[in-house]
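In the two complexes below, subunit A is the common chain; its partner is subunit B in one and subunit C in the other.
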Partner chain A sequence: MSAVFARLNMLMFIAWRNVWRNPIRSVLTVSALAGGVIMLILYYSLMAGISQQMIRFATEISTGRIQIQRQAFIQDQDLYATIPWQYLTQLEQQNPSLQFAPRLYAAALASHQESSTGVQIMAVDSQRERPVTKLLTHVRQGQMNLEQGIEQDGMTYAPVVLGYQLARNMGVTLGDELVLVSQAADGSIGNDLFRVAGILKPINPTFDRMGVLMSIESYKALMYLETGIHEIIVNFEIEPLQTSNSEDWLSTIQQQLMTQITAQEQAQPLDKLGGKVQVRNWREVSPSLSQMLALSHSMMLMTGVVVMSLASLGMLNTMLMAVHERRQEFAILRAIGMKRRWLLLMVSLESLFLALISAVMGSLLGTWMSLRFEHQGIDFSASMPDGYDWAGMVFEPVMHGLLLPEHIYQSCLMMLVISMLASLFPAWLSTRHRPAESMR
Partner chain B sequence: MSLLKLQNVSKVYQQGQIQVQALKDIQLEVQEGEFLALVGPSGSGKTTLLNIIGGLDDSSTGSVILNNIELTCLKESELSDFRLFQLGFIFQAYNLVPVLSALENVELVTLLQGRPAKECRERAEHYLNLVGLKAMKDRRPSALSGGQQQRVAVARALAAEPRLVLADEPTANLDSENATALLDIMHRLSHEEKTTFIFSTHDQRVMERAERIVSLRDGQIYQDQVKGE
Partner chain C sequence: MSGVWWWVKSRALFALMVLLLVPSVTAAGLTVDDLVQHMDSLWRGKTSKAVMSMQVKTERYERTMSMASWSLGQDYSLVVIREPIKDKGIATLKVEQNIWNYLPKINRVTKVPASMMSGSWMGSHFTNDDLVKESSYAEDYESAISFTGLRDGTDVYEVTSVPRPDSAVVWGKIVMILRQQDLLPVEVRYFDEQEILVRTLTFADEKQLDGRLVPMRMTLQPVDKSDESTTILYEDIEFNVPIAPSFFSLQNLKRMR
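Moving on, here comes the complex of A and B:
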């Protein structure tokens, strides 16, 4: 066994010396491979940062991690498909570690001076909403105290907060009057006069364009809907990407809530028209976000393969040159008794050393750059103060990366595998020359 | 006792459309411990014959039996083992691994043989001492003269304890003084180590030191002369 180690040691020793035989060529090869690793780590960290931001936006600002709704509300936004208030109270008692926020929705027509447009009313209970989502802190202008009326001209107006696009389209500013008209739950025409108390930051393109936020009391006064709520938002404290078992946890809580609601449905049956109560996680609520995240994972893999394949061309070129230049040397080694597999191993070890040096350099530099990127971010606020939306997703104006350990080892592993595959051909070629021909 | 036996060995190369007869019906028997020179003009088939004896090239016809082993029956891997344990090689040029020192070059073969590292180091130092290069053991080939490099090659060939050392024009790139010194070393070690040497040359000084001279012309042996007979 010691003889085998001595032989292997010798092959490694020769391979290491050969790496530095042409230092400029080796440095160039290492630069190309390390550059590929740096790019991949930065790219992975950027994609993870964007993914985390998308999930955070979805779960912390509007959607929550879990939503509870009636089937008819999910399908048709049925005004009458409500969940009784008792369900919410009981869920809160059964799950003290979870936070619940009730919501009510309605379609309405909003008018201000000469301008009118269709809007989507969302009513929230500020006290319950604050621990669940950041919706009420996501204000760009004004204030978010939905329960406190606005005194103006000797009258008290109920406040509303608008999506920024809606406010812009209607030419509404803080303190302006807004008339909302809708068909109330009792079939009458519900209408009321409101004052604009605040304007939200971007949330999602639909809400930005149509959203009107009000208190549940104001909603009840407008819509005469007392039977229950349309939606319960559930949230709890976990980091969506950094906790490896976050998906398991989410699924467990979802299952637990479903069991409790099924028991409640048996104890307090609901009307059949509204359908059963559904408990959905954020992936089911926002399938486009979920698909986009899955797509981004595939894209990351494909980009990794493309980047590393291009970088590995450097390795292929270096090793082909090295093998070509050393034909006679290989012939001598074969002549003195070196077996083909030892020669293959020796040339492969040279590639491995180059790849390992590249992995170390690339991961150190890539980590350093990614950490800077994670802390400082790339600031687009000068050109896009509200961030931007793409395919229904809103992105913040300052883009932060998120470096995870797997970004480093996945990038290095991908580079090692692809570059070693690229070096197989030159290594194999080194063993195919016939010694007598190479020495002629 | 016969160490090497060549029977009806022929070699034909295909060069494009033309067939070149490099060797024709070679019959040769070499006894253990001989110091034999293959002589002849360029193109007479000396290198081809050495390559066939060393298993680096195939013969077109005939058989090569070395130490009772028929080389033409060996597989590639067996041939490598055969060269590693039975043969030593000294070439005209490109003899040493440039990234290794003189000592490491000599060690290389013994390490490949699977000997313990300590033994390899001791043997390498011993053989470098025999060729008078112990003081230069840490130098790389680029820091050695042509004659010194060939002496390292001799040390490497002998460190493996081969039955037969094949040397293809070992003095071709050396000046007169270095060539003579190298031959003296080879000749001395041939006797001390009881190793058979076959070397090709067209150098008159080399021929003078050989104990047996086999002359080749147009791929055929036309004279086989043992000195003193």
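Moving on, here comes the complex of A and C:
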């Protein structure tokens, strides 16, 4: 056993010396591979940053981590598919660690002077909404005090806050009058005058184009809907320790809420038409988002393979040259009785050293760069002040990276595997020469 | 015996010949245009003034409204809600293809945009489009008498209307059934583009008014929701009352409450 180790030691020594026989060539190879690792680490942290922003936007701004709705509301926004208010208070009592925000929705016709358009009303309870989502701080212009009426010409108007594109399309600015007309729950024509109190920042393309935000009191006065609420948004703090298994945490809470609601449904049966109460997490609420995240994961893997394969061509070239130069040496080694497999191992060790140096250099530089990137971000706000929307998601104009430890070791591992595969051919070639011919 | 047989045969032959030779003209000499025209002006005359109640029944709510209406030709009409008190004064003005609603609570007139045309009118099963489209029925649809004869114990005419190729309409086919003896409408069936029956409008409680028989009750029933319906009950109709086109103005819309 010790003999094997001694021999391995010797081989490693020779391989290490061989690496530095042509320093320039080795440095070039190392920089190609390290560059690949840096690129990958940066790319991974960028993708993670984007995903994190998407999830944050989806959960913190509007949809929350968990949503509770009636089946008929999910299917076709049925105005009457409400959850009784008692359900909400009950849930709040049972789960003091979770935060709940009730919401009501309705389709309506909004008009301002000559322009009129179909809108989607969303009514929130400011006090409950604030701890749950950042919706109410996501305002671009004006103020978000939905409960306080606006005095004008001796009248008090209920305030509304509009999606930015809706405001632009209707030509509405702060303080303007807005008429909302809808079919109220009792079949009559619900109608009221409002004043525009604020304009939101981009949330999602639909809400930006159609969204009108108001208080639950104003909603009830407009829609005559007293039976309950359409949606309960649930959010909770994820403690740092739980970040890694936040998905398990999410489904545990989801299960717990479902059990409590099922119990309530038995205690206080709901009307048949609205269907059962559903508890869904953000992945189920926006499947396109979670599909996109899964897609970006496999895209990251493919990009990694491509980048690393290109970088490993440098390794292949270097090792082919090295093996070619040292044909005579190898022939002598073979002639004095070195076994082929030891020769193979020696050449492979040389490649491994190159790869390891690249891994260390690459991960150090890559970490440093992506930490800077995480800290400062890339600012597009000069050209896109509103951010941009892509696949139904709105992004902030400042792009931040997010470096996770697995990005570093995944990149290094990928580089090591691919470059070692690339060096197999030169190593095999080194054992194929005939000593007698090579020494001539 | 043979005399009777001959009589029956000759009548049958005659009826067959009539059907084969002049399918678009009824035995009474009416063309399909006459029938469509008749249906169209039955509740309207040249001008009309009516008091009616509308009862809306859905699986979620039930409500009854009392309304007054005025019309002039096919293009002008005005409907004002009288009761319930909460909705009193809410008015709908139709001029040609446009609809405005007046809402007294906020004292505003809003024009119904094209995107809301398929929306419910006053919470009923009628849509805004139903109001607008009645003025262009003859232009939008190609009608033909598709059946003449006995059905459910009554001699009827059946008029089938299909949309003309370039008309923008909701229905794929409309079938009207009228009683032969007095041209009293019995039923209108509305089909979608797949020729599936979507809703039926039935008529009842006919009354002799101004020399014509007018059904005072019409009930619109969606097929997919059998327990829902909207019933309009005419309490009073007067025809050919003097109304000027200027009556149907946005100013008057506000004044009607």
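Methods note: the second predicted complex is superposed on the first by the 436 of 440 C-alpha atoms of A that agree within 3 Å, B and C clash if a C-alpha of one lies under 4 Å from a C-alpha of the other, contacts with A are read in each partner's own complex, and residues count from 1 in each chain.
By our rule, contacts are C-beta pairs under 8 Å (C-beta built on N, C-alpha and C of every residue); 3 or more make two chains touch, one makes a residue touch a chain.
Just so it is clear, the model here is predicted, and its values are computed rather than measured.
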Fit or clash between subunit C and subunit B when superposed on subunit A: fit
First, second, both or neither for A:A3, with subunit B first and subunit C second: first
Which of subunit B and subunit C A:S111 touches, first, second, both or neither: second
Which of subunit B and subunit C A:P435 touches, first, second, both or neither: first
First (subunit B), second (subunit C), both or neither touched by A:E329: first
Superposed model, subunit A: greater residue contact from subunit B or subunit C: B
Partner chain in contact with A:V27 - subunit B first, subunit C second, else both or neither: neither
Angle at subunit A between subunit B and subunit C, C-alpha centres, nearest 10 degrees: 140
First, second, both or neither for A:S188, with subunit B first and subunit C second: second
Nearest Cα pair across subunit B and subunit C, whole Å: 82
Residue ranges of subunit A in contact with subunit B within the complex: 2-4, 6-7, 9-10, 13-14, 17-18, 21, 328-329, 331-340, 342, 434-436, 439
Sites on subunit C touched by subunit A in the complex: 56, 58-61, 63, 86-87, 90, 101, 103, 105-106, 108, 110-113, 115-116, 119-120, 122-123
Interfacial residue positions of subunit B with respect to subunit A in the complex: 51, 54, 56-57, 76-77, 80-81, 83-85, 87-89, 91, 94-100, 104, 107-109, 111-117, 120, 156, 160
Interface residues, subunit A side, partner subunit C - complex: 80, 109, 111, 116-118, 179, 181, 183-189, 191-193, 273
